[in-house]
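Here's the structure we're looking at; comments come further down.
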Amino acid sequence: MSLSKDEMAAAVARDIPAGAYVNLGIGQPTLVADHLPDGSGVVLHTENGLLNMGPRPSDEEVDPDLTNAGKQPVTELPGSSYFDSATSFAMMRGGHLDVCVLGAFQVSAGGDIANWHTGAPDAIPAVGGAMDLAIGAKSVFVMMTLFAKDGSSKLVPSCTYPLTGVGCVDRVYTDVATFEITPDGVVVLDTFGTSYDELAERLDVPLSRA
Amino acid sequence: MSLSKDEMAAAVARDIPAGAYVNLGIGQPTLVADHLPDGSGVVLHTENGLLNMGPRPSDEEVDPDLTNAGKQPVTELPGSSYFDSATSFAMMRGGHLDVCVLGAFQVSAGGDIANWHTGAPDAIPAVGGAMDLAIGAKSVFVMMTLFAKDGSSKLVPSCTYPLTGVGCVDRVYTDVATFEITPDGVVVLDTFGTSYDELAERLDVPLSRA
Amino acid sequence: MRVCDTAAEAVDGIEDGSTVLVGGFGMAGMPVQLIDALIDQGATDLTVVSNNAGNGDTGLAALLAKGRVRKVVCSFPRQADSWVFDGLYRDGKVELELVPQGNLAERMRAAGAGIGAFFSPTGVGTPLAEGKETREIDGRTYVLELPIKGDVALIGAHLADRMGNLVYRKTARNFGPVMATAATTTIVQVREVVETGELDPEAIVTPSIYVDRVVAV
Amino acid sequence: MRVCDTAAEAVDGIEDGSTVLVGGFGMAGMPVQLIDALIDQGATDLTVVSNNAGNGDTGLAALLAKGRVRKVVCSFPRQADSWVFDGLYRDGKVELELVPQGNLAERMRAAGAGIGAFFSPTGVGTPLAEGKETREIDGRTYVLELPIKGDVALIGAHLADRMGNLVYRKTARNFGPVMATAATTTIVQVREVVETGELDPEAIVTPSIYVDRVVAV
């Protein structure tokens, strides 16, 4: 069986080391927080200026001064710290985050990521912190379905959408397989409801087994 | 009569606007603080990380965690703020200080300043924050005796000592005259115990009257 | 530093053609009352630098809707409620310079810190670095980024003292501190102005040196 | 993050040849117990980056006196009580890279912030910019400065919580926060380690992400 979004998030969560400092991108990656085990000591960073972010508050506890990067209300945990945007991005760009988890339109075999712009001529572009996250964290995990609605693979020899970052992705967690991007190529770490051979046939990207 | 050190400091203090943010360099410039009128609202900056520095404490109040850039004990006034060295020098370099007052070995007619190194081959060089101060403040005031012990002028056509900063000095307060460095040359603003003509004869620098 | 009685007094004198840095991340930290006062004040042909390009119909969105903004420099204009910007942009009525959020913050920091330019790894190899100088340093490629300096910054903070020292509250801090350093004139709306000495000197985020006008709203 | 029982445990594993960032401005913020532990630990051939080059016969001066330091990168080595450094320098036994204090701080900030290089106006036209690339930007001349990255930072702070968040006290803050960002391993001596949650999240100066080891001394 292929993985649900929650199962993909759980797969990512399992690979986050205890005590790691982690940024979860807007959208599906935020689901990862729900799958971190109690006592993991994982510290969540939100680029609008908070370390050790907690879960969504109850409706009564919503504070308009306390949001995540998706502008959703969040909470602070004991040991939190606040800082301004320049400091927050210095933290990201300086390589201090252990892991960031991003959604993507496409990832290339060389670890390029495209996740901010479809390239459609009438689209209003918006990049936010995606480019900083892509190049800043020690490990960059991507979480996406492997195939687009038209059946084409999002793991590609070379991205056709405008790039977010070059050669920066380490792992790709999808509904049907988990991949590691290595200097020697793309390694299949796990498959779900499909086989290595099926993947190898369907993707334009050379694969190898773990 | 030529001015004493305290009278020079008073002359500098008179030219500091009310409410200005000011850094007083190590040594003689620190005397300026004693001559700021009560209620001037002048805020003193010390580059080791404090705004609104107060005077030297009593012996009982000395706190080793609270010093000025000369590593002498100081106090904090109401409205003080502390910050780290990177922030403090960003403040200086970014042009946020209204005035800094520096000592000098030499100042050139073009506003160059030399105040960190005599150029002696056996001297151990030490620059501290002098170069940042020289180029950072909106107005740079120099405070020095006009003549060295050997009788040579410290206001020179071109500095012979290693430079601290280029074209950055606005005013030079000395024991016998006050000078303004302008794009059109050196203007004598005031004389003490000497005359404009005496100065014009003794200095190698072309002068003009205010 | 002047403690102003009204937001109108606080924004007095902002000139046509100014570059205005506007704080806030979405609505958190957005200086809504200052923007409303700027709308009334009438300055136009503005370049606005802000993380977003307005939400709903208030604040920055209202300023845009009035046609006062020639150009927006921001990282994330498109949002669920950015219909005002979206319409103007599609109609070619507002210019957009899109900047990755970290480069946006760092370019303003550079302006405030007297840095002439800096090499950033962010955006290298992407369309947002096209036409910019790049350089390899120590085995990594960087793109040269220039400072963004404001004529005016409009920011929201939590408390000010009468000297202009500021503290913020939670993630409403965001772009306020860096914008305060990067503008010629920094104008701040706060919830309360307290007496000088009431804020902890160790906890002040924006020292008074960066602040020109404060108004409690 | 590890809360260590002893300074010896805190400095364990520092390797010969390391670049060590040492906090403090004079004695304020100087991590004396960590330096003493480093002397006992034995690492040698060190490059030390610090604002000063030791005062009296303790702390950094003692490390220098033991011959463990190959090179000092600092802004202000010469002081009334810097006789240890003075002697070694005159005897050619220690190398000196003199850096203006603001460039020193900013070069470490660049290392911590992932900036590849930056153009600084400080030092232009002086001997300390000789041989360095310069560029005119917007009518002003700047010198290109490169990051200074530490293998280890030894800093002093006032309080830490058990996650490693730090607050400092008065002007003892100085180089601690920037050095904490610029080293692979940041080791901090504090006066007390408090429980997580006891420090005000709005007033934390060094967030825990930058801190690897803490010891109360």
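Just so it is clear, A, B, C and D label the chains in written order, and each chain counts residues from 1 on its own.
Methods note: a contact is a pair of C-beta atoms (placed from the backbone, for glycine too) under 8 Å apart; a residue touches a chain by one contact, two chains touch by 3 or more.
No experiment lies behind these values; they were computed from the predicted model shown.
Asker: Indicate the lowest number of steps between chain A and chain B, counting one step per move to a touching chain.
Answerer: Contact-graph shortest path, chain A to chain B, evaluates to 2.
Asker: Roughly how far is chain B from chain D, centre to centre by C-alpha average, rounded to an integer in Å?
Answerer: A distance of 28 Å separates the two centres.
Asker: For chain C versus chain D, what separation do you get between their C-alpha means, in angstrom?
Answerer: Distance between chain centres, rounded to whole Å: 33 Å.
Asker: Can you work out the whole-Å distance between the CA centroids of chain A and chain D?
Answerer: 34
Asker: Could you say which residues in chain A touch two or more other chains, in rising order?
Answerer: Each of 76, 82-83, 90, 92-93, 136 in chain A touches at least two other chains.
Asker: Give me the residues of chain C that touch two or more other chains.
Answerer: 106, 109, 113-115, 120-121, 168-170, 202, 205
Asker: Identify every two-chain combination in which the chains touch.
Answerer: Between chains, contact exists in these pairs: A-C, A-D, B-C, B-D, C-D.
Asker: Given the complex with chain D, which residues does chain B contribute to the contact?
Answerer: Counting only chain B, the residues touching chain D are 46-50, 63-68, 71, 76, 82-86, 88-90, 92-93, 112, 117, 122-132, 135-136, 162-166.
Asker: In their shared complex, at which residues does chain A touch chain D?
Answerer: 19, 21, 43, 45, 51-52, 76, 78-83, 90-97, 136
Asker: Considering only the defined contacts, which chain D positions touch chain A in the complex?
Answerer: Chain D residues touching chain A: 1, 109, 111-115, 161-163, 165, 181, 196-197, 201-202, 204, 207-210.
Asker: Write out the stretch or stretches of chain C touching chain A in their complex.
Answerer: 25-29, 51, 75-79, 82, 85-86, 89-90, 96, 98-103, 105-106, 108-109, 120-128, 158, 168-178, 205
Asker: Contact residues on chain D for chain C in the complex?
Answerer: So the residues of chain D in touch with chain C come to 106, 110, 113-121, 135, 137-138, 140, 142, 146, 167-170, 200, 202-203, 205.
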